[in-house]
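By written order: A, B, C and D. Residues from 1 in each chain.
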Amino acid sequence: MAEKPKIVTGLGNAELHRILVRGYDLNKELVGKITFTDMTSLMLRGRMPTANEARMLDALLVILVEHGMVSHVVAARLIYHCAPEAIQAAVAAALCGAGSVHLGSSEWSAKMLLEAMPRDMQNADYDKIAAGIIDDYTARKQRMPGIGHRTHAEGDPRAETLFNIAKETGVYGKYCDLRQKLSQLSTERRKRLIPVNVTGAIAAIALDMGFSWQITKAFALIGRTLGAIGHIAEEIENPMATQIDAAIKQAISYEPKRV
Amino acid sequence: MAEKPKIVTGLGNAELHRILVRGYDLNKELVGKITFTDMTSLMLRGRMPTANEARMLDALLVILVEHGMVSHVVAARLIYHCAPEAIQAAVAAALCGAGSVHLGSSEWSAKMLLEAMPRDMQNADYDKIAAGIIDDYTARKQRMPGIGHRTHAEGDPRAETLFNIAKETGVYGKYCDLRQKLSQLSTERRKRLIPVNVTGAIAAIALDMGFSWQITKAFALIGRTLGAIGHIAEEIENPMATQIDAAIKQAISYEPKRV
Amino acid sequence: MAEKPKIVTGLGNAELHRILVRGYDLNKELVGKITFTDMTSLMLRGRMPTANEARMLDALLVILVEHGMVSHVVAARLIYHCAPEAIQAAVAAALCGAGSVHLGSSEWSAKMLLEAMPRDMQNADYDKIAAGIIDDYTARKQRMPGIGHRTHAEGDPRAETLFNIAKETGVYGKYCDLRQKLSQLSTERRKRLIPVNVTGAIAAIALDMGFSWQITKAFALIGRTLGAIGHIAEEIENPMATQIDAAIKQAISYEPKRV
Amino acid sequence: MAEKPKIVTGLGNAELHRILVRGYDLNKELVGKITFTDMTSLMLRGRMPTANEARMLDALLVILVEHGMVSHVVAARLIYHCAPEAIQAAVAAALCGAGSVHLGSSEWSAKMLLEAMPRDMQNADYDKIAAGIIDDYTARKQRMPGIGHRTHAEGDPRAETLFNIAKETGVYGKYCDLRQKLSQLSTERRKRLIPVNVTGAIAAIALDMGFSWQITKAFALIGRTLGAIGHIAEEIENPMATQIDAAIKQAISYEPKRV
């Protein structure tokens, strides 16, 4: 009988005395010598970052860690309170909410930019591409991803910070450009500020760094994992889940409904 | 009516134009200026790390990112394949497995060390404490957490790496000491090598750094979040979940069982 | 100060001596008197089912419980093995995979049917509607949800079973009709069998019962929760996660890849 | 080369034209003929239930479905709001909280009863066993699982309902007996009511039905899966997550904390 083709991974392998990561010996070549940010580059881009790239990656990893008592960390606190023996499950509950509306929207933002960008960039007219995207969303009456923020109604300061670092590190490229053009054109047309939000900026920058559109969400997932653990750590020292629960219950009334 | 006491968090807050993290302005003071590892220290320890502490934290964050095709990343790949529109859920599935048997055992390891350590360290006899722990587990016929590893049967090289860095960075303290004494004494008694494993080392080092025992699991959770995303990124480029599924099904036979 | 509007839920409330569910007293009127299937109807449709509706709901709840060693239950077994103290997290991991490709596709299927169905049903031409849907998916080169199944390549027997029960119970309506017309027309055009699969049938039947398109997924989620627990229960009595892990690892080889 | 031993499951298998569940043909023998509750028995106990057993199982499946705006369903609502395209992840988030403190405590309750029950039941003195358990928890200064409830401070009406049905259906046995003796003795000693709560009752009844202690949690998981979907269904029709979020934020103040 012919041998079945092996499934081949290029990421890593654990041997009796060695662990290999993309060919590096984890213990001899990586741990103690590289930062977690370097490891992020190695895992997700297949190589060590330059100093500029590392600075950009650090910014992307730090930007979404903490944003106050948002839904994801409230969920983490409530679930931790119910199941303190399984902290991992409380963190998982928080991550489950990195979707299209909050935290995880870079994925949809990146897909939109990617699909609109022409293959031949030689004579690309960005204004025209941006106008096409806006017309398309207007026609479908859909909300464009990557713009606006309830808390930061006058502009998400995180987007500006990230774009500035992207320029300083030389990462800023065609996706960042298109993203900002989209915002400018929307603002002109609607005659009110339509600012890029943080996941819109992450999406553009990560695409310019060569990440696939789905993996632009990595920064939200890694950052908020740290954020959720931070909130759980505070919950351990200073429990407030019971008070949060009480505040919610006090705000709710019950009016039985049947059909 | 008296005002209800407010619930008070010390972590962060999102304002219209600012985001604050432990009093720092996220955009002006943190992003672009600090590493993700610094942010980990700020969130979980309440302050920026020294250079030595940062090196130790990087080692702890990097060590569990990748270990080949282990259960957690297989789960991530399978779940991603079923629900590619929700990458966050595939990562959450992986994290759900950071429990007492694999990946998450630092929590139990740290609790054991913490409970055995006397309040008064002046005249503490570590050999006696270690002997007491071993006697206790032997009496209860329970497996001690933090020792042994199926893949690394002759010693987990990651534990040694971490203890070396702990010594180099000055982090190595009483918990590391007790942890290693426990391994030595177990080895002597059982007349075969009983080596510390990676989560055993993480537990001791994190306790010596002042982390609470539950939060020693943070490194597994953050590291493996990156690891799971790495495997999903490979799955996107080079799908193998269907082949993994086929390999599992081929290894299984069905013999209907009723009572 | 004006009072803030209360948030109003119509589902339930827990008082000191009573629990109310849509106005029923849980202890006095429901538990011991109704089935879980009745409760499903009360929670999701707002009323008790007729005998025919209960039979249909039971069929929908039972149909997806078990399908052999599929990805969702493999994930549950692997995660349980890593974290046996948190069974809930292993079940959650399984549910995380109820997405667009496997298990959860009724949601997308139902949305497609709903959007294609005209408001005015008086003179609706189902053949024309079905042709429109097929043309649309063909033009977009997208795979239509609700048809085909890898394991059941010659037709998913579960779809036929469900449609038969829908006819017997009088639930079969316009969405079932459109769903089956879509399959027939696809089969004619492609000149090979394009059968409705189980989630395609669930979507149509649930829409005909008045469920919103998103909630058609309820049957997959409830059913597979039971299924995952069944597999974990077997794993407890007869552990096989380690062997599954070994089978996977044996099928995989490592070829380090860098960029 | 010797053939490797196959991994053997007794649960189910999917063939080209058939799906088998514990030897039954899913389509020909189960769907349309049995209830979801029968299927629960088949999956978890390996056989169809008697009429009395089915009534008991229905009560266990129904009792935890709905309990007002508790933490698990709040988490489901918040996560759904953030990621509406992944309802399964919102349900998973809710399940993640079925732990030792809320919802999932039957597991710990059952373990306690099981370990205290002597192998030889001939001359078992239940009062003595109950006293031994209480002494043990008192000595360890631990909170006994299965008693007390914050909302139902004067007794959990659900426990009484379940014990009554257990008596009516003949399921009531030695574990129920011990469970109630424990409550009586605690009440006598502490001179205030120490009532059994709902998960305490579920644990005892499920043990008396032959479930393994870990699987007593099945009823919480299946029931609350339905409950979480019910809350998400309401959220779809009448969104309140944003108001819940606002109520939480209004109750919280920020006082930056560093070390």
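The rule is short, and it goes like this: contacts are C-beta pairs under 8 Å (C-beta built on N, C-alpha and C of every residue); 3 or more make two chains touch, one makes a residue touch a chain.
Predicted model, so just to flag it, every value in this text is computed and none were measured.
Look at the contact of subunit A with subunit D and you find the same residues on each copy: over half of the numbers used there are shared.
In this structure, the chain pairs B-C and C-D differ in their number of contacting C-beta pairs, and the larger number is found at C-D.
If you average the Cα atoms of subunit A and of subunit C, the two centres end up 29 Å apart. In terms of their C-alpha centroids, the spacing between subunit B and subunit C amounts to 35 Å. Per-chain Cα centroids separate subunit C from subunit D by 23 Å. Across the assembly, subunit D contributes 7-13, 68-70, 83-86, 88-89, 92-93, 96-99, 104, 243-244, 247, 251-252, 254 as residues in contact with two or more other chains. Arrangement of the chains shown, judged by which pairs touch: all-to-all, with no pair of chains left without contact. On the subunit D side of its complex with subunit C, the touching residues are 7-19, 21, 26-27, 30-32, 34-37, 39-40, 43-44, 55, 57-59, 61-63, 65-70, 84, 86-89, 91-93, 95-99, 104, 107, 151-155, 157-158, 160-162, 164-165, 168, 212, 214-215, 217-218, 221-223, 225-227, 229-234, 236-238, 240, 243-244, 247.
The touching residues of subunit A, counted against subunit D in their complex, run 68-72, 74-75, 78-79, 81-86, 89-90, 92-93, 96-104, 241, 243-245, 247-252, 254. Taken in their complex, subunit D has these residues touching subunit B: 4, 6-13, 20, 22-23, 45-47, 83, 85-86, 88-89, 92, 96, 251-259.
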